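The structure appears right after this line, and notes come after that.
Chain IDs A, B, C, D, E and F follow the sequence of writing; residue 1 opens each chain.
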Amino acid sequence: MSSKKFMFVNRKAPYGTVYALESLEVVLISAAFDQDVSLAFIDDGVYQITNGQDTTGIGQKNFSKAYKALGDYDISKLYVEKESLAERGLTQDDLMDLVWEDEDDDWAEKSSIILVSREEMAAVMAEQEVTLSF
Amino acid sequence: MSSKKFMFVNRKAPYGTVYALESLEVVLISAAFDQDVSLAFIDDGVYQITNGQDTTGIGQKNFSKAYKALGDYDISKLYVEKESLAERGLTQDDLMDLVWEDEDDDWAEKSSIILVSREEMAAVMAEQEVTLSF
Amino acid sequence: MKYTVMINEGPYQHQSSDTALQFVRAALEKGHEIFRVFFYHDGVNNGTRLSVPPADDRLLQKEWSELGIKHGLDLVICIAAAQRRGLMDESEAKRQGLDADNIIEGFRISGLGQLIEGGIQSDRTIVFGD
Amino acid sequence: MKYTVMINEGPYQHQSSDTALQFVRAALEKGHEIFRVFFYHDGVNNGTRLSVPPADDRLLQKEWSELGIKHGLDLVICIAAAQRRGLMDESEAKRQGLDADNIIEGFRISGLGQLIEGGIQSDRTIVFGD
Amino acid sequence: MAMLHIVNKSPFEKVTFDSCLGHASAGDSILMIEDAAVGAIDGTAFADKLKAAMADKSIYVLAGDLTARGLSEDRIIDGIKTVDYAGFVDLTADNETTQSWL
Amino acid sequence: MAMLHIVNKSPFEKVTFDSCLGHASAGDSILMIEDAAVGAIDGTAFADKLKAAMADKSIYVLAGDLTARGLSEDRIIDGIKTVDYAGFVDLTADNETTQSWL
């Protein structure tokens, strides 16, 4: 099969609705198809990858650790919007340390999180061929 | 049964979601229980009672005429927030002519729509005993 | 104190069913009475017995069912909303000429009047939804 | 042109199923090909055969079913989402030890890979949801 | 590549429409469907934002969603085009890609 | 009569929370649950609005919803109280009425 640029756009907080969890399930499946996959975290979507999520108080499964597996599946482009973080009083320090290993650079561990401005995010979005929104 | 002050709060546009329709169904049922019923239309809820709704283009049933029946069921207090209308470029002229007949005034036909400011709406809400939100 | 609880969303899609479940449990633990739990809109989907989520996920429909049976709760599914969405008990399925039903034990199907009656009879009416 | 359509919400609660249905009809009328319609999240609830809305309301699940059969559409319900929400076909119900199934004719249950494959194979992928 | 942005949320209720405007590129098209249709009306608290976007983007509204909510086509902002479902399909075909703002 | 307002929407996504603040009366209480919990954090674009409301209203947040979203209790605005589900029940009992902002 040919390779396409897929983007998964995440705009909603986790746990309040199912979209974050079921979006992550699609992303993991997409890894099997050898496509050029990117994730966008904008607006409340940035809460999906915050550090230290603890769901014991609400009776739901904490699925945030699954984001850490993305790098192992060669999904290493997680675009996070600076403006969305700032509006919510968050910085990159509040996000999980998501990494991948670069095969072409002696398996050096690199961050999967790409902080971008809204304008840069728009440019990334404009390059996509298939955009799935949740 | 004792009589309580019930308020049905409508904040969402019709047709995009089912809440407006299913809220109206509860309101009509409530008439059989002889309670003191009020309706609040705030935020996008004001679109529920706009004049001239025509759903032929979207394949859904136009249920707006059912609001006209409310007066016959002695549901005659429809509080509509002025600020919500103004923000949306609407005035009372854009709303349906919803009326009831006043038994104590020789069955004179009176408007069921009570235009209130946000502050007045807050005061009405504060008096309620059961508030159902949709 | 006597409560009626209204739930407007189905399980999983929105947190409201989870929150309502925790709320009802906490209220019962405090000795309050749950007069009725009324499932409206997509909330009716909390009453299906055909759900089989992944083993590590909660099974909300069963948790409601078990809580209801244990405490003798009146778990009511709105009939009009249920008909639109395909939630059926045995007698309603028969009446509609359908070949299957899917309601879980502990729930019953009834009319919207049950919600209003709940509001009248209870000290507090709490709405959970989207 | 070849389309894949994804639907994230169930019938009635949200307009997305209505809009998607009208979109697919219009696309077919224009001679486009619908490669696949993928029902995800609460969208799986579009595939129940137990729905009986009021006589003056539309029956969305049946409209999808009939449109699918007429045009040979590939209407796919996500299995993981379906299991959470209680949408079952005969073989899946049997496999899970359930005593009933509720899927309507014209739909099939399959995995999330079907959505990605749809995106790869189609010229356009359109998402409808909330 | 020109993109069609499909937005279905009222600009008075959610930030979705704002976010769409902030992420659409010059030359893109934006189609308002479902509850977003109310954003097409002139004289609202949102109209100026949409007019600003029209400087370098084409804006469309699904007519059926507008009239369903009691809003007639003669009240929409000058320059916004109405389409039916067939027109919606054409927009998805004429633009290389689409993005839904939910 | 004192009212408990229950809000479950993120103030960054929907106007619901704003609408709640605009309709709550002096002496009322506001409880943030589900996605609304993110509104409790200090230093956000919403914090000043909530601080203004605290002049004559009591504000609570459901702790489980806060921590689920990776936000620790030491980051919330000074004066907001955290509750668990038992505390949620107490709030509904202590206030004569409740209104949910969905």
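Miscellaneous remarks
In this section, a residue touches a chain if its C-beta (ideal position, glycine included) is under 8 Å from a C-beta of that chain, and two chains touch if they have at least 3 such contacts.
Everything numeric in this text was worked out from a predicted model, so none of it was measured.
Where touching is counted per the definition, the chains common to subunit A and subunit B are C, D, E, F. Averaging C-alpha coordinates per chain and comparing to subunit D, the farthest chain turns out to be F.
The chain with its C-alpha centre at the largest distance from the centre of subunit B is A. The geometric centre of subunit C is 38 Å away from that of subunit E, both derived from CA atoms. The mean-CA centres of subunit C and subunit D are about 25 angstrom from one another, to the nearest whole unit. Subunit B and subunit E have Cα centroids separated by 28 Å.
Multi-chain contact residues of subunit D (touching two or more other chains): 8, 12-13, 15, 19, 22, 41, 57, 80, 125, 127, 129-130. Within subunit B, contacts with two or more other chains are made by residues 11, 15-18, 43, 58, 60, 130-131, 133-134.
In subunit F, the residues that reach two or more other chains under the touch definition are 8, 12-13, 15-16, 34-35, 84, 97-98, 100, 102.
Of all possible chain pairs, the ones that touch are A-C, A-D, A-E, A-F, B-C, B-D, B-E, B-F, C-D, C-F, D-E, E-F. Those residues of subunit A whose C-beta lies close enough to touch subunit D in the complex are 1-2, 4, 6, 18-19, 22, 25-26, 29-30, 32-33, 35, 130-134. Of all residues in subunit B, those touching subunit F in their complex are 9, 11, 42-43, 118, 121-123, 125-131, 133-134. Residues 6, 8, 40-41, 80-81, 111-113, 115-117, 119-121, 125, 127, 129 of subunit D touch subunit A in their complex. Note for the complex: subunit C touches subunit D at residues 10-13, 41-42, 45, 48-54, 57, 61, 80, 83-88, 93, 96, 98, 100-102. Across the complex, subunit E meets subunit A through its residues 1, 3, 15-16, 19, 22-25, 28, 96-102.
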